[in-house]
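Chain nomenclature is as follows: A, B and C, assigned in order of appearance, with residue numbering initiated at 1 for each chain independently.
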Amino acid sequence: MEHLISMQDLEQSELLNLMNLAKNIENKDVLIDLRGKLVALLFFEPSTRTRFSFEAAMKKLGGETFSMTGDQHYSTKKGETIKDTLKTISMYADLIVVRSAVEGMARYAAEIVDIPVINAGDGANQHPTQALLDLYSIQKTQQKLKNLKIAMVGDLKFGRTVHSLAQAMASFSPQLFFSSPSHLAMPKHIKNDLEKAGVHYQEQKDFDRNISQLDILYMTRIQKERFADPEDYERVKNTFILKRSMLQDVKPNFKIMHPLPRVNEIEKEVDNTPYAYYFQQAQNGMFIRQAVIAVLLKAVSL
Amino acid sequence: MEHLISMQDLEQSELLNLMNLAKNIENKDVLIDLRGKLVALLFFEPSTRTRFSFEAAMKKLGGETFSMTGDQHYSTKKGETIKDTLKTISMYADLIVVRSAVEGMARYAAEIVDIPVINAGDGANQHPTQALLDLYSIQKTQQKLKNLKIAMVGDLKFGRTVHSLAQAMASFSPQLFFSSPSHLAMPKHIKNDLEKAGVHYQEQKDFDRNISQLDILYMTRIQKERFADPEDYERVKNTFILKRSMLQDVKPNFKIMHPLPRVNEIEKEVDNTPYAYYFQQAQNGMFIRQAVIAVLLKAVSL
Amino acid sequence: MEHLISMQDLEQSELLNLMNLAKNIENKDVLIDLRGKLVALLFFEPSTRTRFSFEAAMKKLGGETFSMTGDQHYSTKKGETIKDTLKTISMYADLIVVRSAVEGMARYAAEIVDIPVINAGDGANQHPTQALLDLYSIQKTQQKLKNLKIAMVGDLKFGRTVHSLAQAMASFSPQLFFSSPSHLAMPKHIKNDLEKAGVHYQEQKDFDRNISQLDILYMTRIQKERFADPEDYERVKNTFILKRSMLQDVKPNFKIMHPLPRVNEIEKEVDNTPYAYYFQQAQNGMFIRQAVIAVLLKAVSL
């Protein structure tokens, strides 16, 4: 494991080992000291939340970060190429985290520099640490990854996280349920992948129909910008909302996940139930990122 | 002591213990190592100086900070609530410092998150670490807090620091002298508080009239924006200026304080006198903040 | 050595000792721990690259930084003087790095504050750590500083780095060759300095004429803004370009340097040759800055 660019790069054993390391870090069963190590956070596209998660991950292990956000991106201003920018940054840092609206940017960076690269989102393509933290959250709450019933709700077309999660779960024999506005349905190519892997999935209009059988309910935000006609948005936006009243017959191990930020798709009254897991899910992201960084910096071996 | 939101939350013994701890930190009589600890600096309202003071305080104790300033405040942009933002940040950090133009914001934050919160200014309301550093500065220069003669000069209406200081000194039997433009006088409710506490105070036009009897002269900036009519400002702005020539007969222990930044309210020639204390006062803020952070993170007990 | 403001402040023995310390830091032959130390980076003029280099230098030695960039410069907004800003910052930090478009700013800062100051560029005047890293790069690649043949190409009029380098090399008996558009030639006062020091220099139109004899080829960027008439720029911009085909007969120790960022003045095909040294040159800047910071903070003695 030299870089983390795509979930497809990870073998299943590596994936399980990473989650195990994250657990040990969370439980303080392993001590990792990254003093004197420097992670460059190149966020060509802004994302305060993801950046903070990486910053916290590194700093709480004793290491350091340097941030370069989009508008400080001097290379374009002075006519420098992205290649030169990446190469120069790599002369100072020990690891680069790249976020960009451009698909393939992280892969490109990994080819240019001689230090490890983590993809923190390249357009609609990959955001592997998000997929890992979702898996870690499922494993932590269900004590297993196999044979789970998982519903995914909201914007399933543009939602990078639900694509990655569906693909990542494919090898663990899940039953998947998809609910979305019709023009924001799970894309054909993801469904093809699932079919090839022999995964049972089902599209359903009312996401709470079978809620009492679910292990995981994965909610996502429906973004206004995804609608050509604002009236379409107004009509749809109140349809895919999780209400506390829906939770009466859920299983004890049932958990609600959300990649955050949320707007109104989960009623505030849900927050106080034992099923709400989205904030812990965010925190799990820090542990997973600590595990990934520690492995890539060879501070620990998988 | 779980949070530091308001000076009113502090018992007098806690206050004195905090100052004692600050002194021990300043003199390197106590070693505090905050490695692996992370403070989130949420500055919804910008304040480079206060932010730097907290950053320096934390970093010089071996800890780390993460800054989120107003314009990076993604929650509003994407429709997230402040509550969700605070909750999420609290999943990564060990302590939150909040500054906001909204009164009560820090108290609100403390109710939402499960980690300690420090109020770094909530509108015209409270800025307790500023009050603490003022007390610490007085104690350090006068070797006592009791029975001091203190003059407060400038904008006494909107000046949050002079309100807090007057209230905080109330239990130490001071004699207070107030000098300000008439429409920027010390507010009635503060004067009521002082009267109830039996504090002697006096409003006087010429602040230097009794300067030779004073222990502390607390100057503040008169902001142009406080005047409806710019001509009023022009007329008043040169009235409340401390000149070197006024310092001929002051007491040896006399000190001049100012919360900074200053504009023209203290003549530059005053800086080289042994009475100028405003820059050390700023530095004292770092020691007090180190003490507060260390206590809230339970790295030391009061 | 209390500050580093200008190359002229350094005696030759100090300069050689600094380079030696940088080498020991690079080779990990000396351990420097700057934990608890804080460097304030005051960049009144932005420069992500230089700032990152100083940040990396400090953080990789276990220390910390605080950044204040131009637009956060609150002093002007609230009417505070630069002097007060500098004085206040110096109350929190252990060392200040200043970059400004104003000539003499770093010297001014050094006079005001009681902590060490490093000049990270003051207008067209000095940028001593850049000069030091150039010398360090030459020494590292040539194993000597004496009797070298060095060509400087591009904008020799406004290029602060080539001025400093020419002056710094003057005491090491170099042979210098200058190539530039006619209105961007090496300034008269630099040439006078070289003549006084008895340095052989020569201006030549085709910079590659004697490339096979050179030890160092120092390329610089020609900035469009330097031309009154855009057509002049278009005519000239493709003249001073280093092509791979020019490198056929160069000496084995030949190295190409560039202060970066570059635009098109070095063909990409040159990057893969053993002569390309500009990225390592950038990295050398980190080691030199670590040496300077460590000495000024008295973490090590020269």
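Assume contacts are C-beta pairs under 8 Å (C-beta built on N, C-alpha and C of every residue); 3 or more make two chains touch, one makes a residue touch a chain.
In this text the structure is predicted, and so the values were computed from the model without any measurement.
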As a multiple of 5 degrees, what angle does the CA superposition of subunit A onto its copy subunit B give? 120
Count the residue numbers both subunit A and subunit C use at their shared interface, divide by all numbers used there, and answer same if that is over half, different if under half. different
Taking each chain's centre as the mean of its CA atoms, how far is subunit A from subunit C in angstrom? 42
Specify, in ascending order, the residues of subunit C that touch 2 or more different other chains. none
Which part of subunit A faces subunit B closely enough to touch in the complex? 46-49, 52-53, 55-56, 59-62, 221, 260-264, 279-280, 282-283, 286
Residue ranges of subunit A touching subunit C (in the complex, touch as defined): 35-38, 40, 64, 66, 68, 72, 74-75, 78-80, 84-85, 87-89, 91-93
